[in-house]
Amino acid sequence: MLSDRKNQHLDIVLDGRGRGAARTGFDTIAFAHVALPELHMDEIDLSTSFLGRRIGGPLLVSSMTGGPARADTINRHLATACAALNLPLAVGSQRVAIEAGEVGGLGTELRALAPNVPLLANIGAAQFNTGFGADEARQAVDMIGADALIIHLNPLQEAVQPEGDRDWRGLLHRIEEVARRLPVPVVAKEVGSGISGPTARRLWDAGVHVIDVAGAGGTSWAAVEAERAQTPRQAAVARAFSGWGLPTARAIAEVRAACPDAVVIGSGGIRDGVDAAKAIRLGADIVGQASGLLEAATQSAEAVVEHFETVLAQLRVACFCTGSADLGQLRRAALLEP
Amino acid sequence: MLSDRKNQHLDIVLDGRGRGAARTGFDTIAFAHVALPELHMDEIDLSTSFLGRRIGGPLLVSSMTGGPARADTINRHLATACAALNLPLAVGSQRVAIEAGEVGGLGTELRALAPNVPLLANIGAAQFNTGFGADEARQAVDMIGADALIIHLNPLQEAVQPEGDRDWRGLLHRIEEVARRLPVPVVAKEVGSGISGPTARRLWDAGVHVIDVAGAGGTSWAAVEAERAQTPRQAAVARAFSGWGLPTARAIAEVRAACPDAVVIGSGGIRDGVDAAKAIRLGADIVGQASGLLEAATQSAEAVVEHFETVLAQLRVACFCTGSADLGQLRRAALLEP
Amino acid sequence: MLSDRKNQHLDIVLDGRGRGAARTGFDTIAFAHVALPELHMDEIDLSTSFLGRRIGGPLLVSSMTGGPARADTINRHLATACAALNLPLAVGSQRVAIEAGEVGGLGTELRALAPNVPLLANIGAAQFNTGFGADEARQAVDMIGADALIIHLNPLQEAVQPEGDRDWRGLLHRIEEVARRLPVPVVAKEVGSGISGPTARRLWDAGVHVIDVAGAGGTSWAAVEAERAQTPRQAAVARAFSGWGLPTARAIAEVRAACPDAVVIGSGGIRDGVDAAKAIRLGADIVGQASGLLEAATQSAEAVVEHFETVLAQLRVACFCTGSADLGQLRRAALLEP
Amino acid sequence: MLSDRKNQHLDIVLDGRGRGAARTGFDTIAFAHVALPELHMDEIDLSTSFLGRRIGGPLLVSSMTGGPARADTINRHLATACAALNLPLAVGSQRVAIEAGEVGGLGTELRALAPNVPLLANIGAAQFNTGFGADEARQAVDMIGADALIIHLNPLQEAVQPEGDRDWRGLLHRIEEVARRLPVPVVAKEVGSGISGPTARRLWDAGVHVIDVAGAGGTSWAAVEAERAQTPRQAAVARAFSGWGLPTARAIAEVRAACPDAVVIGSGGIRDGVDAAKAIRLGADIVGQASGLLEAATQSAEAVVEHFETVLAQLRVACFCTGSADLGQLRRAALLEP
């Protein structure tokens, strides 16, 4: 059952077994410290806009699904916290809700909890080869009153899942069609293996103008699937890929170079506001986290607020110590060449 | 006794003491992940041809000998599995069988078990300085109805064995002669120290058109011989070479560059289908394993089938996540430069 | 209370929890050994001049504050030792003493204990945005009869302290003014995150001609503040920066290149006379230590003397084994390129 | 007492505390394996000549002194073994013997035990500033009937010994004089910190045509002296230099490049015949060991013979697996570029 699987995913990620063997690459990057910043730290402007809305900081709740019972709680906590901090929120895959013809997760309650933040709907790319089309895409958006639709590209995850969708033929064309017909922007997103420059460029040319790299170094779906494998072979196949993927730092730099005008979301293994600052320096417009805030999300909206305020405080310190008055200046901050 | 020695070899390799200090080099190589492969994973074509026969995948059972009792069982399991999956099978050294004038191992029973797969006979190069010639080479081939004859080049192994053959003078000429007179192709193969570009080129010019690099990073015969040494000196001499050799990844790249038209077998320390994919990307036509499948080979044909299906499944996922519809495309897949 | 905080700082640094995750970079630098130095080791001249006074060696006691009770003892030990060895001494921040309108620490007693050594007063840069001006600067100098005024630049430290000064606007201009109006030179100094080439150049152009890099690799104020944080958020914010900063070796080289005529103090994580020799080789005129001598400073003047004599002895051996008769020759000693 | 000190040295080195923090550099060098050597391993010619005599292999017993009682035993074992294998033998410093006006160690007994091998006398360079001259040099040579005189250059060792000789002024000139007046060649040798290219060149120009690099990575006299220090300061001064020095591999390459026609002895941290092969490949004519054979030397002549036969066997295998019929070919063997 899909909902059982999602429950297992949550548990495996929560107790730390979901981290793979890859590194994000952020550890090898360092800012040149500015000892005389000439700023008022409290006046550093971390706000930015995303999907046409002004947001409280360059942060995003990355998509997470869970078994139905827990997903509701998690989403309620996330939405309440995002509303409080004015941060964008991406929901987990809406496949089940759409297939069941019912509003899964929180549906319109989500938008009610967070009326002004950018909300992102979510569907897997492979669904467009198993019956979904522009109609279902629009349904996903409407269901939650979303500002954009994430189409997640997860070939490795599908490949190592026994139940996975293996038919990925012609998907670029399908995505192009959805992007043309949908009234809101489409976001292309990996789930932890990264989007490369060339792939991003193909997506850009197909009309996808927001790319979430979701690179390697954080949650590894190969590691997760190895943990819940039913047979030795499934486990072995998945395990061999636990270090697979484009490191997040590199994926961001590649995508930014390949698509200078795209909105780039830097995600995958972001631990704190220093990683976030590096992601932004390398080319990300905003930065997403999934596993890093899952613990807080299972607890309470307050815990999520606390989590994000910590990340924002770290990001503010990073701006201060690089002499950056805002994110635009952070993007030009000097790095130590290795 | 030779058969005692072979028994010890099996035990040392089986309990993990046969791995040396060298690295294959595969860990420093990574594919650029393709997030939108546009393939049907089940339609990826892993088949290829080898020695004029179509095979089920680019995999090979590398030569292994064992004490007579166990060799029979092992070979039976391997042959049955290879027949089931249509994979090529190389037998261990046939020296004893030829010297004894009798058909060792399984002889024609092997061909009976695996009537359609490429079978490879095996003789040590040094034997051609201790009495063997083109006649014995042909005998080895005929004994099992082989499609090719492997001549293994194992100078380090001979050098660290007290019983080793030390006279390697003029062997290239002898190999050339065998290659000219034998009706089937000759394969030159190391046993875990690797064949370099220049050596491969000399072999190519002598008429050897198939090279199995058998590089460093997997089984180390210096490590094995150190384990079974009778005297401290033998152990110390062998131990000093446990890190010796051309790393497999490098050997493959060198041989491919030196001999663009050779059939290259990538082997030595191949752990899984991801290593296999890297070996192919670097220039191997097919990929061999010895120690990695020995455990399964001692158990049953089913265990060997399971082993290879796992490797093939991993290789298929690697093709999928690099957007490669077949092995030809995998050979051109993008790598992350380090 | 400020004095409580200072007491905690001492304890955290003393028991080793003040060391961050950064490296000084000295470990990757090595001198080319000179096997035939042709010197008399006892005649190697380690003396140099600093702030117009001849000193016993290129060493400096870096600024340290402590709770009032302990600061007095520590300063007395340091001053007595510096007098004995004729080494310069920098006091810790005089903010409290100036704000209280009283002579904190030892005041004129310090000068009485060490009548001939260069003494350096100390004020935080941020104070010039919270009421201090050239008058207070002069007060700090006069209070101890100092030869120079250190203005410490500690944006990271302020940023991760809950009580920290966050308003750093216009400080370069304020520092420029102080430098113009003060009868003694101004020294700009970090506290463990390093001063970069560009920042040093801006300071130089503003009339600051002595730079103490105080780079990363030794005491990390982020690590220290993480240890004494009151809330999880404070701890998490600080902890994320425990590896932040310009490694000392690099900071020295950058500042020397950017300001060829500046007096450069190399400090931050200096462990011994070999590190000191490397700092000098990279461009430092003299070398400062804080945490490395704190233990001795809490014990006795003799312990401090012993500490410095050890460092000087090591520095002398480094000169000897690089064939350097004095510090000028040490600056041209050959390094092993990596 | 000098002899107490020497006794301590032996014990510290014997129980492994004499190894410093430096690396020889051999681990980063690898030969390109030759899978088809076309040699008879037993016919590989390891003999060479040294100081005008043909020797059994490119190996040398490096100078070692010990307390008088043990030195005699050790030297007797070494001499007997060297005679058996026809290997050159360098004695430890003869200073005490010369100063006492008596024949220390074994004196002429040594030559009687090993009538045909190259024997090397040994005096410290610093002695030529404390009373020794060409007469004492000749005395050292005559005392044992030596074929050459080693003048050891040990500035770091002297510098970290409380009793050390610190006056090294004008020594090059003194060495030049000795070299001119002595009827046998002078060898310049470090004791574990390495001789650099430029220093070797100065020695060559002064008439010293044999250089023993004795580089870093094996015995570290700073580590040894730290172990036997009487005071914390002595220990701390010495300890800071336990990683000091030119790595042996680099020293050999530098000296060979600076002095193409010199006889170069590669020593310092040589562990086995593979290290020896690398040293020769990098430019050494012969290879010396001290600490590596000390254990055997305290046991028996047989143990020393066994030790050297093991090293020679390893060297032979290295020649075989690089396709080198003799040392000249080994010097041109292909390396793996890193």
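Lettered A, B, C and D in written order, each chain numbered from 1.
Quick note on the criterion: a residue touches a chain if its C-beta (ideal position, glycine included) is under 8 Å from a C-beta of that chain, and two chains touch if they have at least 3 such contacts.
Since the structure is predicted, the reported quantities are computational estimates derived from the model, not experimental observations.
Touching chain C and chain D at once is no chain at all. Chain centres computed from CA atoms place C at the largest separation from chain B. Both chain A and chain B derive from one sequence, and where they touch, under half of the residue numbers involved are common to the two copies. Fitting chain B to chain D on Cα positions gives a rotation angle of 90°, stated in steps of 5.
If you average the Cα atoms of chain A and of chain C, the two centres end up 44 Å apart.
Taking each chain's centre as the mean of its C-alpha atoms, chain A lies 62 Å from chain D. In chain D, no residue touches at least two other chains. All chain pairs that touch, listed by label, are A-B, A-C, B-D, C-D. Those residues of chain C lying in contact with chain D across their complex are 30-42, 271-274, 306, 309-310, 313-314, 316-317, 320-321, 334, 336. Residues of chain B touching chain D in their complex: 125, 153, 155-156, 158-160, 166-172, 188, 190, 193-196, 198-199, 202-203, 216, 232-233, 236-237, 240-241, 244-246, 250.
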